[in-house]
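Pasting the structures in now, so scroll down.
Paired with chain B in one complex and with chain C in the other, chain A is shared by the two complexes that follow.
Coming up: the complex of A and B.
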């Protein structure tokens, strides 16, 4: 990290102070030029991995996430003979340098948290029905492995991972599996691909809002960058489904909220997610 | 140090029968508490501001280290599952925003939370953990900006919104809300709400939860008074 000019030096010493002086000088714009409610430019790339069943790459400004969906055959558990398994893993490969040793454990914890959030959303919004992953009851089921590789983390991993998941699922093709009646072994026909059946009606998409306190009132920064996430008082995640029902609200502690603030954030989240859906359906 | 069951006030109904608490069950720790909410039981212990390990840097603030250990035996492995990590991270933000961190530069506190019993789903255990954490910090006399209390609310398909649900109701419910209120203005510090709902239901849930949070604060006061007499 270069500390050439005065601005970089100020950022290194005290990020909060730098942000506050920037907001004092330029009214209503963040250091990267956006207004408070503006999101970064989104780029979507579909179906670009050769060996996965489904894949997508999403860029929110500088944040880059690759989602890849693969499957393995497995025996179902005795508790539920018809359900398959889903496993979501969020990884941050070493494409970015960690500044201090302590930060590495923090990053690993954040990734585990994000993996669990995504799994919860899949189950709660019934995006993928576990029964759909069944090949033959009691014998063979699919174990869906959904991996998220975050090539560059510039804030707002939650939104990008969820959008990447939606795009990847849309274009996932599974090979057909037939059970050989003589040997009871599964035969996988890799050339006969069929579209993966999932609940396309629900399209859970997330809006991350970082709450920053400036001049005794809360400013809501939508789609925060990494620096903004570090200085924020608290972070809100709103996950909305296609019919504007809420699937998940997660608010970390730091800024006490009353009911009308929740309403305000909900209206911001709705507009933002409407914009995301337009991008998704193009 | 004695186990106390709070008296039931004639005006407030059954909430105090769902809450039990025992302060300082672990005498060696700086602060500890055991808290019961319906069918969930948690213990938390805190080792107060002490020396910092050399690797961690906390120049002018307190370093907070939280470990959450779920009931062993539910999952096959010994390591913390991702669900427990999520709970750990969420509770860490709670501690960071509550404790006055600037008072203890270059020190760290270690908090260990044990879930001893959880027969119902996620909402009750989350709320139980939050309340245990607050009581532990009060027991350890850490300087805090406010006390906080968590209220679990579930949405049952037939009975509607239930607060402090019983085990049977919670296992049958579709969505759950956990609100953490703070004592000064009764505003919401932190939320975790999951399921399928809209803003009206959220508003109703908040309005149900606010008076219950006040009762939980009253319970805290009673417990601490009993301890000091």
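Coming up: the complex of A and C.
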């Protein structure tokens, strides 16, 4: 991040001022050249890793996220003998080398809110049925580990993580596991892989909208970059399923919102996600 | 939304793993070096920078057969250390972390490692990287500051890890415009059970360091050294090509804006 020209110097001194002067000069475009409702170019890479059961890499402009799905075996809890477990971890890039905090010698850069949101979406939209993860009732179940590694954060992590999850799940292959009747231990056949069964009908996808106040009215910036997220008054996340039903709405505080504004944002979200689905199914 | 008490790696119970199989050595190793990921968007209206990690001063992405490593350089920036060393030259802080999906067995990213753990592969790799890079950076030009080298290992195939780390650090240092005496190119050779890594500076024709794990006779080590130096020179040409083409495209972009 070097200050090479006048524009970057202005951004460094006061980001808000830079945006305001840009919007004064150009109507309806953002400093990176997009219109308000336009999203950045999306690149999707499937089967990226060789050690995971399923993986994908997504680029939304400069934001790069890698999703990897692996599984481990576990004993089910006594409360529900047939359900497996799911764990999601979202790791952000580090900007600092190791530093010693007492005896701990590292920086764990996990984005807890995003990890929990993704877990909530998986459960509530029934994207993955916990019963599908059962190998033998009461004895062995799969514990699905979904790891997101963010290589570069340029805004809009929510969208990219969710899209990466969908792409990775589509191409996940699990080894077959049978239980040895004599020793009750699992036998894992790593060469016999079968496609992971999940609820393909629900394809939860997210639309992130940053609300920017300009001249007493709200401008809705879809697919914000990191700078736009920093100057936004508030940020909205809409997660919609394939039948356009709302799975999750998350709004940070800052801008008062009436019901019709929510409806307006819902229509923006619907168009944007339709475009995303077309991209996904190509 | 419960979490399991104990998780078992399915590979423990694997029935059809062939551990005694010698994996066919892929002689046709693919090398991919870039300062940013190639953008194939056509006709996009947005101006996208080509660097991988936009917040860092320099970044790179290296792929050597199956090993993928990204590197970000932050610096030179003000140091928080008040030691005597930092008054005359720059401090080098390195940090290497494995992604959870880097190896066959998942590495839990949330498990905390304490100071008195002996088995710490990451800190060993950090010290090797420092040894390899210290001869080539002009540290006396940046007094009272520090350079942070942050490395993320995305995937590791067992053989090329150290050389990929050193190569990615070199390309990222060039991207960050930090003054170097020469580029450091590293090449790993694996024979039977021993791993030999050589770090070479092509323009000065000096070997910066050699790492070797295993058993070998001195004559064999000589052969390995010669072979590694030859391959390092090829890698050096690849790095030069990437740097020059990146510079040309940056110049073209600047011309367009101006």
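Here, the second predicted complex is superposed on the first by the 264 of 282 C-alpha atoms of A that agree within 3 Å, B and C clash if a C-alpha of one lies under 4 Å from a C-alpha of the other, contacts with A are read in each partner's own complex, and residues count from 1 in each chain.
The working rule: a contact is a pair of C-beta atoms (placed from the backbone, for glycine too) under 8 Å apart; a residue touches a chain by one contact, two chains touch by 3 or more.
For clarity, every value in this text was computed on a predicted model and none was experimentally measured.
J.: In the superposed arrangement, which partner chain does A:234 touch: chain B (first), chain C (second), both, or neither?
T.: Only chain B is touched by A:234; chain C is not.
J.: What is the contact status of A:262 with respect to chain B (first) and chain C (second): first, second, both, or neither?
T.: First partner only, chain B.
J.: Touching A:166 in the superposition: chain B (first), chain C (second), both, neither?
T.: It touches nothing on chain B or chain C.
J.: Report the partner of chain A that touches more of its residues: chain B or chain C.
T.: When the residues of chain A touched by each partner are counted, C comes out ahead.
J.: Output check: A:56 vs chain B and chain C. Expected answer is one of first, second, both, neither. What do you get?
T.: Neither partner.
J.: Mind working out whether A:186 is in touch with chain B, chain C, both or neither, as first, second, both or neither?
T.: A:186 contacts chain C only, not chain B.
J.: Between chain B (first) and chain C (second), which, if any, makes contact with A:119: first, second, both or neither?
T.: both
J.: Is A:249 touching anything from chain B or chain C once the two structures are fitted on A? First, second, both or neither.
T.: first
J.: Tell me the contact category for A:154 with respect to chain B and chain C: first, second, both or neither.
T.: It touches chain C, and chain B stays clear.
J.: For A:73, is the partner it touches chain B (first), chain C (second), both, or none of the two (neither)?
T.: In the superposed model, A:73 contacts chain C only, not chain B.
J.: Check chain A for residues that touch chain B in one structure and chain C in the other, and list them.
T.: Common to the two interfaces on chain A: residues 100, 110, 119.
J.: Write out the stretch or stretches of chain B touching chain A in their complex.
T.: 55-57, 82-83, 85-86, 88-90, 93-94, 96-98, 175, 180, 182, 185, 187-199, 202-203, 206-207
J.: Under the definition above, what is the set of chain A residues touching chain C in their complex?
T.: It comes out as residues 1-2, 5, 32-34, 38, 40-41, 43, 49-52, 55, 59, 61-62, 64, 66, 68, 70-77, 79, 85, 87, 89, 91, 93-98, 100, 103-106, 108, 110, 119, 123, 143, 145, 147, 149, 151-154, 175, 177, 185-191.
J.: Under the definition above, what is the set of chain C residues touching chain A in their complex?
T.: Its residues touching chain A are 1-11, 13-17, 37, 39-41, 44-49, 52-57, 66, 70, 72, 74, 93-95, 97, 99-104, 106, 109-110, 112-115, 126, 148-150, 152, 154-155, 257.
J.: Could you list, by residue number, the parts of chain A that touch chain B in their complex?
T.: Residues in contact with chain B: 100-102, 109-110, 112-113, 115-117, 119-120, 124-125, 233-234, 241, 244-254, 256-259, 262-263, 266.
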